[in-house]
Amino acid sequence: MLDFKAMDMLTPEEWTAVYLSLKVAFWATFWSLPFAVLMAWVLARVRFPGKGLLDGLVYLPLVLPKVVVGYLLLLTLGARGFIGQYLDAWFGIKLIFTTAGATVAAAVVSFPLTVNAIRLALEAVDRGLETAARTLGASRLDVFFSVTLPLMLPGILSGALLAIASALGEFGATITFVSNVEGQTRTIPLAIYSATHMPDGDAMALRLTVVSILLALGALLLANLVDRRIRTLIGRV
Amino acid sequence: RAQETTPTVFAAASLTNAFQDIGKLYKEKTAKDVTFSFAASSALAKQLEAGAPAAIFASADNKWMDYAEDKDLTLKATRVTPIGNSLVLIMPADKAKDVTIDKSFDWLAFLGADGKIATGITDSVPIGIYAKTALTNLGQWDKVRERIVGAESVRAALALVERGEATAGIVYSTDAAVAKNVKVVATFPADSHPPVEYPFEIVKGQDNPATKAFFDFLVGPDAKAIYAKYGFVVK
Amino acid sequence: MIEIDIRLARPGGFALESAFTAPGAGVTALFGRSGAGKTTIIQAVAGVVRPDAGRIAVGGEVFFDAARGIDLPIEARRTGYVFQDARLFPHLLVESNLRYGERRSRAAERPIRFEAVVELLGIGHLLKRRPHTLSGGERQRVAIGRALLAQPRLLLMDEPLAALDEARKAEILPYLERLRDEMGLPILYVSHSIDEVLRLSDMVVALRDGRQVAAGPVAEVMSQPEILPVVGRFDVGTLLECVVSRHDADYALSSLAFAGGELRVPQVDLPVGARVRARVRARDVAIALARPQDVSVSNLLAATVEEVRLQEGPYADVALAVGPGRLASMVTRESVERLGLRPGMPVWAMIKTVAVDSRSPDFGGPATP
Amino acid sequence: MIEIDIRLARPGGFALESAFTAPGAGVTALFGRSGAGKTTIIQAVAGVVRPDAGRIAVGGEVFFDAARGIDLPIEARRTGYVFQDARLFPHLLVESNLRYGERRSRAAERPIRFEAVVELLGIGHLLKRRPHTLSGGERQRVAIGRALLAQPRLLLMDEPLAALDEARKAEILPYLERLRDEMGLPILYVSHSIDEVLRLSDMVVALRDGRQVAAGPVAEVMSQPEILPVVGRFDVGTLLECVVSRHDADYALSSLAFAGGELRVPQVDLPVGARVRARVRARDVAIALARPQDVSVSNLLAATVEEVRLQEGPYADVALAVGPGRLASMVTRESVERLGLRPGMPVWAMIKTVAVDSRSPDFGGPATP
Amino acid sequence: MLDFKAMDMLTPEEWTAVYLSLKVAFWATFWSLPFAVLMAWVLARVRFPGKGLLDGLVYLPLVLPKVVVGYLLLLTLGARGFIGQYLDAWFGIKLIFTTAGATVAAAVVSFPLTVNAIRLALEAVDRGLETAARTLGASRLDVFFSVTLPLMLPGILSGALLAIASALGEFGATITFVSNVEGQTRTIPLAIYSATHMPDGDAMALRLTVVSILLALGALLLANLVDRRIRTLIGRV
């Protein structure tokens, strides 16, 4: 019902943008999550020289203007970038002007948020439980997967939600890194940006904004449901 | 009170250099300050609409100035268009080959298998809109449409060409003039697009002597010398 | 064989120094007041805390050796650690908590069976519950079960029974005894209950402020007056090494022969000829000058007063020689005077049958020292 | 006066139903096996858990009344709750933990002094430490101190002494007795140690699977055979209401007069004439047919066999009438037969002086029921 | 020493931008933190109808393109905005073109991040300790300040760090809401934006990017020091 109305309310290009945004948000979250968990674990549990620097590096995409982040991505991962050229030459991966590139931009920008949330959750895990698991014969890795990870699930979920939300809203890095290519990189924020730069674009901007909000609320609702389930499962109610 | 405050000038981001130089010169000559805010013309127009107490609006295209006029935000009577620009095709310096743009120019052959043209977003960023109009008028839009990548500003489009990420770019001549590592390979025929113009107007309710003084300075000979220096077409 | 020789300092001034060797198949009790360092020793054996120096070896395998740079990871030590706080995994059902260690043990080596443990601990009805819904004692029982099911080669128990009711304790203790005896599972055991310690332990290590005050076989250590301040005033007594000599099924009584004679005690579940240890509390031993007639007390042993020590308060300790053995008795100073007890005097020791505890040191296994 | 009448169901099937009235200035022991519902009752009184129905009132103030919709907030109840887990504030020093409740009590009403509590609990050297560096027993002691210093008008103690050594227990128990007696502080007390309960309590509430099996004065409840499965096999005995009749300073002995005669016991610190309660364990009472001569046992009471109950195993319970009073004795079935014990038979009860515990029910305050 | 070099390396305008960025980041964090704590507490501990909506609302600035956030701020808090007009008329508070406005923009954009971090920390606080505090006579409010708040300090710190970092990097909402006025609203990101529109601005953009990174590292370093202290204080080491 609502769908029908929405169908009518958006133009095909707008639908493309919505679809693209969801795709980018999903894959960005999907790919960055494991790395975020790993990074959070390293930052919270391992001591090594230069850790402060790594810590800073993780926060970098947050602290820099997103346009700068996009520019840095261009410099490194562009077709001529010092990593990008090998990606293309060796694996045939092209990021610039593609949905894959938009996904990378979204993932990079949301990474600090995800890591932060997961790290907070990780630090709240009672290390006594991890010790107990080890006395029961579980190796460090085993402990991580059987005890630590389940107990930090609420944090991971929260991190994922932040990732999805910020991916849905990501604009600066995306437009700078992969530009605005319809059907490839033109996500909702890019579409909204375009709309706000057209003297008669207010209606379109408003429609897409509403769609953004609905998507965010949907993600949140889903996250809350999952969260409640997780908390019941891990006994933190 | 309004007389004593320094006027705030809303200027399109592409005017950043020129206006800053003009501001310094003005200060040297009159010992009076002006404040600038450089952003996209659209953002500035919206801010005016929301009641921003700017004194002068210098737009990068006629559309947003018309928008401001329609909303009765600026003084129509004060409109001047002292400078303009032209549209050029650029390529990375090391791959540049001069071409001529006309209706028979084969864009796809020029671009190669998956070559891209960088310009502004074609439905919102002014350079993109001009580019789209020009290509449409040349009867090429449908062929190249998929090859166009829309950047958030001329500068961003320029960067894509400078870095060789895009095969070519459509930018203003002023930008091309100052860019490194790119070469202008063609200029778009003047009749393929509406003239690129920078209209200035005084904001409604701000036509006090301080504002007027600087507005006049903006279109005066000192300013025109500076515009020329940055490659604008001075009218 | 458990060999421990460690030094460890904590910020705040606490320093631990302990060295002892415990038999490989018995219970070693760690005894000491709160803050003495009992948990610290157990943590060092488990690998949770790293000593500053020293060596820890269990059954020939070196867990830790500062000099040789050996420090086995926690999980490789396979110590079934029952923590002072239960530490159940909140995200797992009780059942999965119990299975956690079991799953990680070698399938071929699982002598401790799930069903048996669940039944013993009375937690069958809790299997599908989550830890945060358990009562304190239920939690502790699950923790015990979890440690046992990890099929450890060494049990570390830090006050495992403190939160449990007497009835449950009475069920669990014999099981621990059986593990010790049948499976030869060595156990390091912390408890403040002297009864538990005396019943279960072969060896006692007494600690005071991190220093090891005494270490050795139970009977030996518990008779040293120095450890009184460590363990507090407790029921002093005598441990008699006995052999089951006869069963009297009608009355559910057994007779235990020891060096000085025979004791009648509530039935012990051991074959005739089995070695057994009987504990006689000093305060349960009364003294008569002549053999009392027609009294309910059925253990009347001819003895000789060896020593009389008057204590503070109303008490007096009387050491009796019963044959070649010794028996401690606690009476009042008043009784000593009234009866005129002196060393060398022949008397009768009276011990009620119901007052004697007994337990087997070697059921189903080789005798422990 | 503590009035409790509550019903409460937990997800998972546990349902609690308990109703009792306890005196306003005594100790009420909650007794029952693990999972019986002891903690749940305490939580309901503290306001941590809300009963489904019923009423809770302490000293006339209604804490909870489902019918009238009253549910006093936790902090307004001022119950000094010693949790089964210590729950110290990790971010505060031990000292600040101790002061936490004190600071929030009215300055004019602070009968429980900081220095006294710190000394009693032996935690003076820990004041500047953080909770996570404490040992299990140290933590528990700080938790007790924290609850006491909140100047509660009711103490809720959930196994407060379980993690403590005997020596420390022996120091804390008299202090709790004094609080109870001198300050008239009512205490709800959970413990699995019958010794503690018998020593401290005026009243016992026995629970089994959430049902209240018995409630009443200690002596009464503890002599009911029904509660044996609830509390487990424990040292059954007799509580004798006595009056201090004489002191014998030379031997550090006191004489206690009771309905059936006089008992000599280790000195009690009470004036002559004070009321006192003596506990005589059944297994410490031996029976002789004739008055034994020249034995160390100094309490020889003429008695009459009232009832002989043969139990399973080797045991037999013999009820003795001593004057108008009663005394329980536990002997073997064998002794019953050997001595030919039958109801109506005149005998002598033998009780060693060192076997009698005594405590005062009314030291410094009005007698409690 | 380093300062001297840096002094020489930046132009006065750049210094103004740096100073402004720090000022905005500080005040945005300072003002939003108490509200973030309150909001986190409400979301984590209170149950009421419409909570899901509030939850969604909090995440909104994250999920919307920042330009849209800025535009919405303009519509509500601008001189003619339906709240802004009263702010001016009644309290004389002008946000547009002012540092105060830039601060508001930064605070709004960082709010979801701060709330999320604080909430995660709050949820990790053992409620048993709160109960214990109440049995000792502390009212709910007292418990919050004496137990809950100290125990969630690491989360608050982490939230503050995110707030500062994202305020330092905030561009879209700021330029849309309060424009790009030197000395008032031209923070480092806006200065970088301006620089990229100048033919010879690359060096300036690079310098400012480096300054951004140094500021972020500095904030992080400070946060780590404070964090270690806090953790020692609250006994979570």
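Order as written gives the chain letters A, B, C, D and E; numbering starts at 1 within each chain.
Going forward, a contact is a pair of C-beta atoms (placed from the backbone, for glycine too) under 8 Å apart; a residue touches a chain by one contact, two chains touch by 3 or more.
These are the chains along with the protein names UniProt gives them: A, E = Molybdenum transport system permease; C, D = Vitamin B12 import ATP-binding protein BtuD.
Keep in mind that this is a model prediction, so the values were computed, not measured.
The set of chains in contact with chain C as well as chain D is empty. Counting steps between touching chains, the shortest path from chain C to chain E takes 2.
Here the two chains linked by the largest count of contacting C-beta pairs are C-D. The mean-CA centres of chain D and chain E are about 58 angstrom from one another, to the nearest whole unit. Distance between chain B and chain E, defined via averaged C-alpha coordinates, is recorded as 34 Å. One simple way to say how far apart two chains are is to compare their mean CA positions; for chain B and chain C this gives 91 Å. Residue numbers of chain D whose C-beta contacts span two or more other chains: 85. Shown for chain A are the residues that touch two or more other chains, namely 67, 172, 193, 196, 236. Contacts with at least two other chains are made by residues 43, 46, 156 of chain B. Chains touching one another, given as pairs, are A-B, A-C, A-E, B-E, C-D, D-E. Note for the complex: chain B touches chain A at residues 40, 42-43, 45-46, 63-64, 66-67, 116, 118, 121, 123-125, 148-152, 156, 159-160, 163-165. Residue ranges of chain E in contact with chain A, taken from their complex: 52-53, 55-56, 59-60, 62-68, 71, 112-113, 116-117, 119-121, 123-124, 154-155, 158, 161-162, 165-166, 168-169, 171-172, 188-189, 192-193, 196, 205, 209, 212-213, 215-217, 219-221, 224, 236. Residue ranges on chain C touching chain A, taken from their complex, read 46-48, 73-75, 77-81, 83, 85, 87, 89-91, 100-101, 104-105, 130-132, 146-147, 150, 156. By the touch criterion stated above, chain A contacts chain B in their complex at residues 67, 71, 74-75, 78-80, 96-97, 172, 175-176, 179-181, 190, 193-199, 201. Across the complex, chain C is touched by residues 126, 128-129, 131-140, 142, 146-147, 150-151, 233-237 of chain A.
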